[in-house]
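Following this line, the structures themselves.
Two complexes, one shared chain (chain A), two partners (chain B, chain C).
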Partner chain A sequence: MRWARANLFNSPLNGVLTVVFGGFLAWAAYRMATFVFVSADWEIVRRNLTLLMVGRFDRDQLWRPWAALLILAVSIGLTAGMVGAAAADVARQRGLPVAKGSLRSAPRRFWPLILLIVVLVAFTRTVAPTFLILGVLVAGGVAVVAGQRVPARLRRFGWIVFVLGFVGAIVVLWAGGGVPWDGWGGLHLNIFIAFAGIILAFPLGLLVALARRSSLPVVRVVSVVYIEFFRGVPLISLLIMAQLMIGFLLPPSMDPPSLVVRALIAIVIFESAYIAEIVRGGLQAVPRGQVEAAQALGMSQFSIARRIVLPQALRAVIPAMVGQFISLFQDTTLLYAISLFDVLTVSDTTTSQDAFVGRGLQAVVLPCVAFLFWAVSYSMSRESRRLETRLGVGVR
Partner chain B sequence: MNQRRWRWVALFAVLSLVLGACGSDDSNDAADDDDDGDTEETVELVQDGSRLDGIIDEGTFVCGVNDAVPGFGFTDEDGNFSGFDIDFCRVIAAAVLGDAEAVEYRPLAAADRFTALQSGEIDVLSRNTTWTATRDGSEGAAFTVPTFYDGQGMMVRTGEYESIDDMGGTSICVLSGTTTELNLASRFNAAGLEYEPLSFEDNDLLRESFISGQCDGWTSDKSQLAAVRSAYPEGDGGPEALTILDETFSKEPLGPAVADGDPAWYDAVNWAIIATIQAEEFGITSENIDDFLDSENPEILRFLGQAAGEDDAVLDPGLGLPADFAYQVVSQVGNYAEIYERNVGPDTALGLERGLNALYTDGGILYPPPYR
Partner chain C sequence: MASVTTRPPPWRDVRVLRVLLQLLFALGVVAVVTWLFGNLVTNLDQIGLSTDFDFLDQPAGFQILGSDFRASQTVRDAFVVGITNTISVAGIGIVLATLLGVLVGVLSLSSNWLVRKAATIYVETLRNLPPLIVIVFVFSAVILQLPRIQEASEWFGLVIVSNRTIGLTAPAFEGDSAGTYALLLGLGVVAAIAVAVWRTRVHRATGAPHRRVLWGGGVLLVVAVVGWFALGGPLVLDRPQIVGVQIEDGWAMNANYAALLIALVIYTATYIAEIVRGSIQAVDHGQTEAADALALSSFQRLRFVVLPQAFRIAVPPLANQYLNLTKNSSLALAIGFFELTQTTLTIIGNGNPAPQSIAILMAGYLVLSLSIALVTNLVNRRLQLVAR
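What follows is the complex of A and B.
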């Protein structure tokens, strides 16, 4: 009460504003709630949930996406455990407060993801997916704890565990009579493209950023041209060119690569240019004196970059990097424009099905897709903020 | 210092070599897995033979389709392509390869479809495409017999208007940037009527403003108007509340197309489609086809690839198709009437009467050339 008086009604003008905007917010919330719980017919999402998740994936082989999800959960859990433990050590050394993660604090920490899972489970029509999701969650949780117990000297291999898990997931989906990536679709395709994009674009971007600071003119000019060209081109034009022009550019004796590979190439080229600029910002933030000091100690150029410059530079750019990754994840919906079967394309085709045609159901499907993206992106940004605090980014 | 520089250069060179190697590996893998045209065959195709031979060797062909047009091409809940245009891809596969499922579908945006056809990425375009002179000419497409005669119509609220000539001074909802918009303009200008077009980017937005009464008429292809009408919410009066005016003011013959310059492949595709219409004329359906194998009628026997006539021989018209192609088409996919009823007919969401798309004997304009 006192808080309300002090902050909301401390002058006549503020009182009026509070009433007007409060009323507007309440009205909007009421309309939204009636839409979600009363007027919207969610049948279209319920019946098409599998299609939204995995697209045209062979329905007899659905165990493969589940197995891939399990592998991903375990590898992400392990990596998160290792990185988290390392970051906690750093924070302790610097005397920063370390919030102890526990099972009780998990709902507060992961509420967007939990909400997402609850919504998805609410849309399922059988019991099996609920148990499978629970299984995946438990496996992921166990992996986090296991990751925290990994000896400190092995922690820096955390990202290798993640990459191996990602590759393992692809193998499970594809190998031995599975479905090659041309047959992938739905949210699964968006996530695959986003992960593969960042895994491939990061090393390339790092290399280009280092090249831009090289003292060799040829290397530097090539890298500047690369960065400035691809940063100046809209991603969608690169995607469309990759679809239409690769066929003309390749020698006729060579078959053009599959549509997914073409899209991935375009995305990696585009993203790496942006990542290069982010990394360059980090490199410039490292004081020149550090390099000179290392040179005075007789360290080689390579180990200066690896042991002195890059660790500090990369730590400084974590927020920008996560932001870039989130925007990459959202950019994957541009696959819609090149007729790949991503989750946005799926939402478009569902309203053409016999049972749902001409009923204006895009208003139901699109909010669902938006919610999927919001839950994933917001969780990532929350986790990155947590990591930043622990690493003391922005604290001198 | 110099030495170190060279080390950097060496590192860079090695890395770029590695990256280059990875890159070419990737594309090789993709090419191997894709396998939709063996290298030598592609070259051969360009030089002499027809696409037809390559497709028969491979056992599959690529059909460019749409995946978001109600009734004609979309993805069902189980992830299968479904619809009227999709069924004609299956017809071609059944005729050429004897297996209706031997199709690789490639969804295409409207803007990309002719590029994909020209560049050889797809073998057939079956994506509710209107046959026009420009597309036949400069776009390099060769259209087969139309599979669906559509036309632009006008939908109004029941009882408000009887014909387009009554509609002076009204506002009309239309999708922007389509030929529909141009046809609307020519129709009203020709009649000297004033009107106000309301353009929308998206059918759902258009639908909302029509329901809320912002426009008096909604113009689009009649097949699409019928789909909207049949799904009109009961709360707003149901389908009876809307009327589609009888007048059709544009011609939209929709049909498959192949790339120019390959007559053998064109003939094969064309006759696969004609077979569905011919089968309907003979009264042959996927259910009763086996009863016709010992028919008395030599024309039917010839059509089904059976020995017939005075010389008791199997007809080989030289289309490059197996003798029993019509049998495969009808038994695996069905005749024209079955395909129509299944996807767009009165019992489906679109609920379209046959209209122009009936046989010439029933008042339509489907007229299969004789198979002999």
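What follows is the complex of A and C.
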């Protein structure tokens, strides 16, 4: 009662606001609940779940996406564990209280992801996927713990584990009679493009950022033009350009790359411009004294960059990179606009299947796809905010 | 022994090396660009596509829904329609998103728990969705599910809602003296600004309260009201009405235009709300306490102490969001609204050369982005100068 008086009815205006907003929220919650549990016909999602997840991937080879998912979960878990442990060390050095992550705090931290998994499991029609998902989860959890136990001096190789895992996943999907990436689709394609995009765009963006900080004017100007140009145009125009023009830009003797590769090229170029700006922010955040101290020690230009500046700068940009990855993951839905078979395209095609056509089922499928992206993005952005406080980004 | 400054040999001279390195780099860049461009020209020649911009004067050969554009008009006109539509969505979208964003941002700082939670839920839900899904959802799951135009619902005769067109009541000039009245209003605005400047001068010279908003607004209001009666009511509220299967008069928006606008506004507003909240919170707490110590009212504290400083913090990230909104308007491709990207694709689809069309498309967005950046940089510089 006292709480309600202090927080809801502490002035006449607030009283009115409480009633108005309370009424509206209650109405919205009621409408949503009736939609989810009563009026919506989820059959379309249930029947097309595999299609949404992996597109037209050969149905006899479905063990490959599962194996790839397992490899990805383990490598991401290892990397996350290592980065998390490193961040906790930094926080401890800065005198922040570091609460140990425990199994009990996991539901509060990852409830969107847990909810997502529950929803996915609810849509499955056989028992096997439930156990497989649980297996992947356990493997990922074990990997996180293992990553935290990795000796501190090996932690900086964390990103290599992730890249190796990603490459391994591609090999499992493709090699030895698997399906090449032109045959991938659904959420699987979105994830692949997002990971490949960030992994390939990072080195390029790093180079562009270094070029922008170069003391050579010509190099700097070229880099500025590159960054401003690709940040000034929408991604979709680059995707269109890649689809229509990469064939024209290569010599006639060369075969143009496949649609997926073309889209990937556009995404890598686009992302590298944004990553360059992020890395530049990190480079600028390294105090000048660090460089001067290194110069006083007689270190060479190269080893100053390699041993002093970059390690500090790159550590500071981890949260921003996570943010960039989230927006890249969301941008992969643009593949819909160039008719690649991504999850949004799949959801669109399901509504024109014989059994479901003309029933306005976009209102059922789209929220599912949206929820998928929401759960992943929301939990990742929360984790990155946590990382940001620990690493003390922007705090001197 | 006299100290002689000897130059090191050229291959160890940093000055020479710098020039050499830059030359090499420039040569490399030029070589890559020339190679790509050479391939482009060779390829276009091979398939017999033109490499000039003559196609701009050819008839477009397609119609644009929801505009007067006819198939016999030139490709150039089609581009103009496309970019006008982009500017229209971006311009109106920026204004509406700012209004909604500021409202939500302020609500998320409310002392009322429920209001705060509602604002947070709104922000955290929409912010983490891909904008394309928001647009497609608003279009296909909201707007297209509205009643058909034959059974469109009317709200108090002011708004007509159908899945094809949405009609809003809008002010419109009417009658013979409409032009005169528009001119008069323009003069009124000039007069209002002049009065505001004069009041500012008086305030600077004497310290008397300037009340420039009150004075300027008053002048404009007087001009508008007197002119309206004198010219016989040239400005009317134009109500939409259904004529056949069209909505005429008022402000009739096509379904896909409305969907794009709504989606962009509710999506971008979440980011603006976060910026507003962050900037208000970033104002030093000592400032608020100082304002309290001076016995300013809570409105005065907000108006004269907190908001001016918060605004200064908010301008650069806001500019970023305006840029994002403009670029996101290209996602209308998915719902078939003829903004710049959709128009360009249609033009290419009608057999016009892709490279030139795409060059125009990108140039269009670059000009838009750069002009928004220019305006906000000017605002930013002005604010920063005031700062210290």
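Heads up, the rule we're going with is that the second predicted complex is superposed on the first by the 389 of 396 C-alpha atoms of A that agree within 3 Å, B and C clash if a C-alpha of one lies under 4 Å from a C-alpha of the other, contacts with A are read in each partner's own complex, and residues count from 1 in each chain.
Criterion: a residue touches a chain if its C-beta (ideal position, glycine included) is under 8 Å from a C-beta of that chain, and two chains touch if they have at least 3 such contacts.
Keep in mind it's a predicted model, so treat the numbers as computed, not measured.
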Clash-or-fit label for the pair chain B, chain C on chain A: clash
First, second, both or neither for A:248, with chain B first and chain C second: both
First (chain B), second (chain C), both or neither touched by A:207: first
Touching partner for A:150 - first (chain B), second (chain C), both, neither: neither
Partner chain in contact with A:14 - chain B first, chain C second, else both or neither: second
Which of chain B and chain C A:330 touches, first, second, both or neither: second
Partner chain(s) touched by A:96 [first = chain B, second = chain C, both, neither]: neither
Which of chain B and chain C A:362 touches, first, second, both or neither: both
First, second, both or neither for A:217, with chain B first and chain C second: second
Contacts on chain A seen with chain B and repeated with chain C across the two complexes: 215-216, 219, 244, 247-248, 252, 337, 348, 360, 362-363
Chain C partner contacts - residues on chain A that touch it in the complex: 7-8, 10, 14, 17-18, 21-22, 24-25, 215-219, 222, 229, 231-237, 240-241, 244-245, 247-252, 326, 330-331, 333-334, 336-337, 344, 348, 360, 362-363, 366-367, 369-370, 373-374, 377-378, 381
Chain A partner contacts - residues on chain B that touch it in the complex: 4-5, 7-9, 11-12, 15, 19, 26-27, 30-31, 33-37, 39, 42-43, 46, 67-71, 73-80, 106-109, 112, 115, 119-121, 202, 204, 207-208, 227-233, 348-350
Contact footprint of chain B on chain A as seen in their complex: 47-48, 50-51, 54-57, 59, 180, 182, 185, 204, 207, 211, 214-216, 219, 243-244, 247-248, 252-258, 261, 300-302, 337-339, 341, 345-346, 348-355, 357-360, 362-363
Chain C residues within the chain A interface of the complex: 18, 21-22, 25-26, 29, 36, 39-40, 42-44, 46, 110-115, 118, 124-125, 128-134, 136-137, 140-141, 144-145, 327-328, 330-331, 333-334, 341, 344-345, 348, 354-355, 358, 361-362, 365-366, 369-370
